[in-house]
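Take a look at the structures listed below.
Here subunit A shows up in two complexes: once beside subunit B, once beside subunit C.
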Partner chain A sequence: MVNMMIDGKKVSAPKGAMLLESIRGAGISVPTLCAHEAISRSGACRLCVVEIRKGNRTRIVTSCLYGVEEGLIVDTKSERVLNVRRLVMELLLSRCPESDVLQKMARDMGVEPQPRYAADQDKGKCILCRSCVRVCEEVVGVSAIGLFSRGSCKEVGTPYNEKSEVCIGCGACAYVCPTGHIEMTSTGDKRRIWGRSFKMQACSKCGKFFAPVDQLKFISKKTGASMEELSVCTECR
Partner chain B sequence: MTKPIGVAAKTRQIVKKHGGGKSAMIAVLQDIQETFNYLPKEALKAAARAMNVPMSRVYEAATFYTAFSLKPRGKHVVKICKGTACHVRGAAILQDRFETTLGIKPGGTTKDGKFSLETVNCVGACALGPVVVINADYHGQVTISKVDKIIKKINEEGAKS
Partner chain C sequence: MNENPDTQARQIMDNLTLYYGPKKKFIAICAGTGCRASGSLKVKEALEAELKKQNLSEVDVLATGCLGFCEKGPMLVVHPDKYFYQHVKVEDVPEIISKTVARGEVISRLLYRHPETKKTLFREEDLPFYKKQCRVVFGQNGMIDPARIEDYFAINGYQALGKVLAEMTPEQVISEVKKAGLRGRGGGGFHAAVKWEGVRRAHGDPKYVIANGDEGDPGAYMDRSLMEGNPHSVIEGMIIGAYAVGSKQGYIYVRNEYPLAVTHLSIAIEAAREMGLLGKNILGTDFSFDIQITKGAGAFVCGESSALFASVEGRAGEPRAKYVHAVEKGLYDKPTVLNNVETWANVPLIINKGADWYNTIGTEGSKGTKIFSLVGKINNTGLIEVPMGTTLYEIIYDMGGGIPNGKKFKAVQTGGPSGGCIPESLLDIPVDFDKLYEVGSMMGSGGMIVMDETSCMVDVARYFLEFLKEESCGKCVPCREGVRRMSDILEDICAGKGREGDVEILEAMGKAIADGSLCALGGSAPNPVLSTIRYFREEYDAHIREHRCPAGVCKALIAYSIDAEKCTGCGVCVKVCATQAITGEKKKAHSIDKDKCTRCGACIQSCKFDAIKVK
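What follows is the complex of A and B.
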């Protein structure tokens, strides 16, 4: 266990934990977009910044990626922290002006769109956090999507923007995306995602369409479970 | 008579030459580009399969580096340096000259497939600026009249062969 001071409170945390968890464990809220329990951390959104003090030196760090340390003094709401966080928010907002998630976060933080940052019109709601790419690679294991090109042209998608041969239509990317950029629509026995249409499996008991056939085939191949077993939805199992 | 070897087969040879692992991905892509003059889709797919790397990772690398081209390029790739040093020494005027003479913009290729135009950011020869690199040849202190000479020379060589 290591002992720290967070916003004047004594907090102890297990070695190896990240600051973000200790801060939240102490009942203090920190805004985040890209930290998600299902995937590895990337430190992409920069919203979770806090100020740390060691001896008489202070630093701004991303709390989701900074490991706890004995004797650390953490300030989550200093003027410096709030300034950095507001700047990050202003930039995110000018990239994705249409994102309702960002709009709400900005409102809560008292951040307004800044005329000095021209608002992008072509980026959708994507903040390029790579969460979707990570979940597809780390959890699902198919790596159907990626972040392509670089700089201001960088965008999320499938290679060549083509229908992916490896995508199983599971929707994990849409689920994990913090801003709702990824469009997935399910109507009846069809699901559409990444420009491809997937046939949905009806539950053999209740008849509800509950998962893409391709996803069940993938699970069957991985776990050895038969398609009959997998054709029952989680509620009827 | 030797059968012409296909894109995929050639790509697999390249991957094998580099040990087959994904750590050599960039070197593999460079070799593919060297061989085909660009990165054909078929080659990228074959390389991904041979290295056992997801296509999305390969395509990420291929689109990240400006040195890679996903489109077929001309026989002569003209790279105008637009780094700071070359910029202040008039790279923009040279670019203009190339654009109007060849009738293409950066990223484009002439209809006859002879020239492609690209801009790059500092090729590390600032003292020679403005620099234009054509295929592997570095041209230093390039002027408008030098641009005209270079194009003329290449066109004449082409006419002979």
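What follows is the complex of A and C.
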């Protein structure tokens, strides 16, 4: 265990843990958008920044990626921290003016939209946190989507924005998306996501459409389980 | 000293000194990228043909890397007298050979003329541009054809490596570099030996050594010129570094848009391998190390260490949080030393001449020399190498020859696009890592862009932010979105749409972006804005409050008119105006239709009577 001082409170945390967990464990709230328990951390959104002090030097770090250290003094609400968070929220609000998630978060943080920034019309609700890309690569293991272009032109999508041949329609990306940018519609035996239509499998017991056939085929190939076995929905299993 | 000097390595090294460089009489012609563009290769061919014609087989022609004084290219130096000829054309060649080479006579029209005393100067070292320089690293360019390893041997090349392998332990090498106080030339100014020590101690195998040649600042080309002109100095430095930290594999990261650098590095690596200086059992010892070139696609952000690693690994060049340092987890998550090419090129010098000698150059905290690329509104455009601690004034006025066309100096931008603009009042500061940081700029990799009274500082900030907006990798919010919004606001101010309070918004954004960004690109991106606000606030106010661009640059805020007293009605401007905005009777004062005028400036350049005014 290591001992730290967080916002004036003594906090101990297991070695190897990240600051974010120990701060939250101490009952202090820290806003985040790109940290999800299912995937690796990327440090892209910068909302979880805190100010740390070691000796005479202070520094702003992202708590989601900074490992706990003995004797560390952490300030989660210093002026510098709040200025970074306010800037990030203002920038995201003007990028995704339609996002109700961001609006609520901003309200909770007491941040108003910055009128000097013209609101974007073409970015949807995507904040480029890349949670979807990471889940597709790390959890699903197909890497059907990725990031392309650079800087302010950066986008998430399938290669060349064409229908992906490797996508299995599992919807994990839509599930982890913090702002609900990724559209997934399921009607009857069809599911649409990333511009492609997937045929859904009906449960051999209850008849409910529960998963895309491509996803079950992928699982069958990966695990060796037969398609018959997999054609039963989780509730009937 | 090692008690058991490796005699085999020593013997091989002694043999290397038997190789010949150029003959006693030789012509060094600059064949760096800049001079090539102004036709130096044709001059080189003509020199060779003429020597043959005049039967002067005892004279060599050396196509060298950049000689530094790029303003005067194509240029050449005739050895052993070291006569310096500028703007040489193919037509000048027969005379150069018959007079200077054959009879030792100078051709005065090809000599440099001192701009003030009007005296012609004969030798390189007499020129004010070179006089105050200390070209310990870059000066070697003039003595070698980068494609010939023999030339590098002839100037003591690879002797430092021999010394290290025969006489020094890795710890002794690190301690010598530490004593020399060598700091990273890529911008950060981190102590090289501290990095090396960290990697030597780090657990993890293999360990990597990388040279960062991803120079991306607009106007900067010193790293390119070093890789083009003296690739072996970089390679030798890397081999010594690899021996010190215990690495077997090195990479040189160089952008593909530097084709000549890639070619010369490739030739050099191949030659070093053939000589047993790279590869298995270097110089017969049990130390093995090899280098591979990785070509980058030219993203500015790939100069940042973790983005560079990602790029070498074949992934998109995006940085990651560096809470675990590269000395522990760098390339492929293994201990890695990453140094700039110029840093590596300093290493053989330190070993050959010793840390004590190195310590005699530079300031208390910054030892040795630094190569700068001096560009912009300056008379002597080129690459200079000066001792750390040289003042900006000496660089701009003594070496740079001051500002062209009698204009007044306004600012110098150091440290590349994310550096800051330094005003005239601070020209006396000595240039070193710490001082530049203190005044709100940075050393960066050594770009220096000089601006005169015709440069608008708001427009300069706008230009750099536009560049950084394009070059942001887009991973983290403050940099991707914040730099874009700053750029938008600057765009507005230059277009006359600035609002009261914009400067304060920019300042607040700048601080938060610097604090909140993931890597150094975002961390320093606000610098051009913050430093111009700090030193040239009145220009921002003039744009925003008075809708006026004092330097006459921002098109939306200026108008052209013709001074009727000066205009002779010659009609030259009428011909160059692309939008037919200028009218008037012959020999009578003309006038400009402000609605048609696009303020392109063509008329100003064409007018011999200085009759066109910008307000």
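Just so we're on the same page, the second predicted complex is superposed on the first by the 237 of 237 C-alpha atoms of A that agree within 3 Å, B and C clash if a C-alpha of one lies under 4 Å from a C-alpha of the other, contacts with A are read in each partner's own complex, and residues count from 1 in each chain.
Keep this in mind: contacts are C-beta pairs under 8 Å (C-beta built on N, C-alpha and C of every residue); 3 or more make two chains touch, one makes a residue touch a chain.
None of these values were measured; they are calculated from a predicted model.
When both complexes are overlaid on chain A, the residue A:217 reaches neither subunit B nor subunit C.
In the superposition on chain A, A:166 makes contact with subunit B only, not with subunit C.
Set against each other, subunit B and subunit C touch different numbers of residues in subunit A, with C touching more. Residue contacts after overlaying the shared chain place A:190 against neither subunit B nor subunit C.
By the touch criterion defined above, A:66 lies against subunit C but remains apart from subunit B after alignment on the C-alpha atoms of chain A. Look at A:133: by the touch rule set out above, it reaches subunit B but stays clear of subunit C.
When both complexes are overlaid on chain A, the residue A:149 reaches subunit B and subunit C alike. In the superposition on chain A, the residues of subunit A touched by subunit B in one structure and by subunit C in the other are 147, 149-150. Within the complex formed with subunit C, the subunit A residues making contact are 42-46, 49, 60-62, 65-67, 80, 83-84, 86-88, 91-92, 94-95, 114, 116-118, 127-128, 130, 147, 149-154.
Every residue of subunit A that touches subunit B in the complex is listed here, in rising order: 133, 137, 142-150, 158-160, 166.
Put simply, subunit B touches subunit A in their complex at residues 41, 44, 54-60, 63-64, 66. Those residues of subunit C that touch subunit A in the complex are listed here as 299, 316, 320-321, 323, 469-478, 480-485, 488-489, 499, 501-502, 505, 508-509, 511-513, 515-518.
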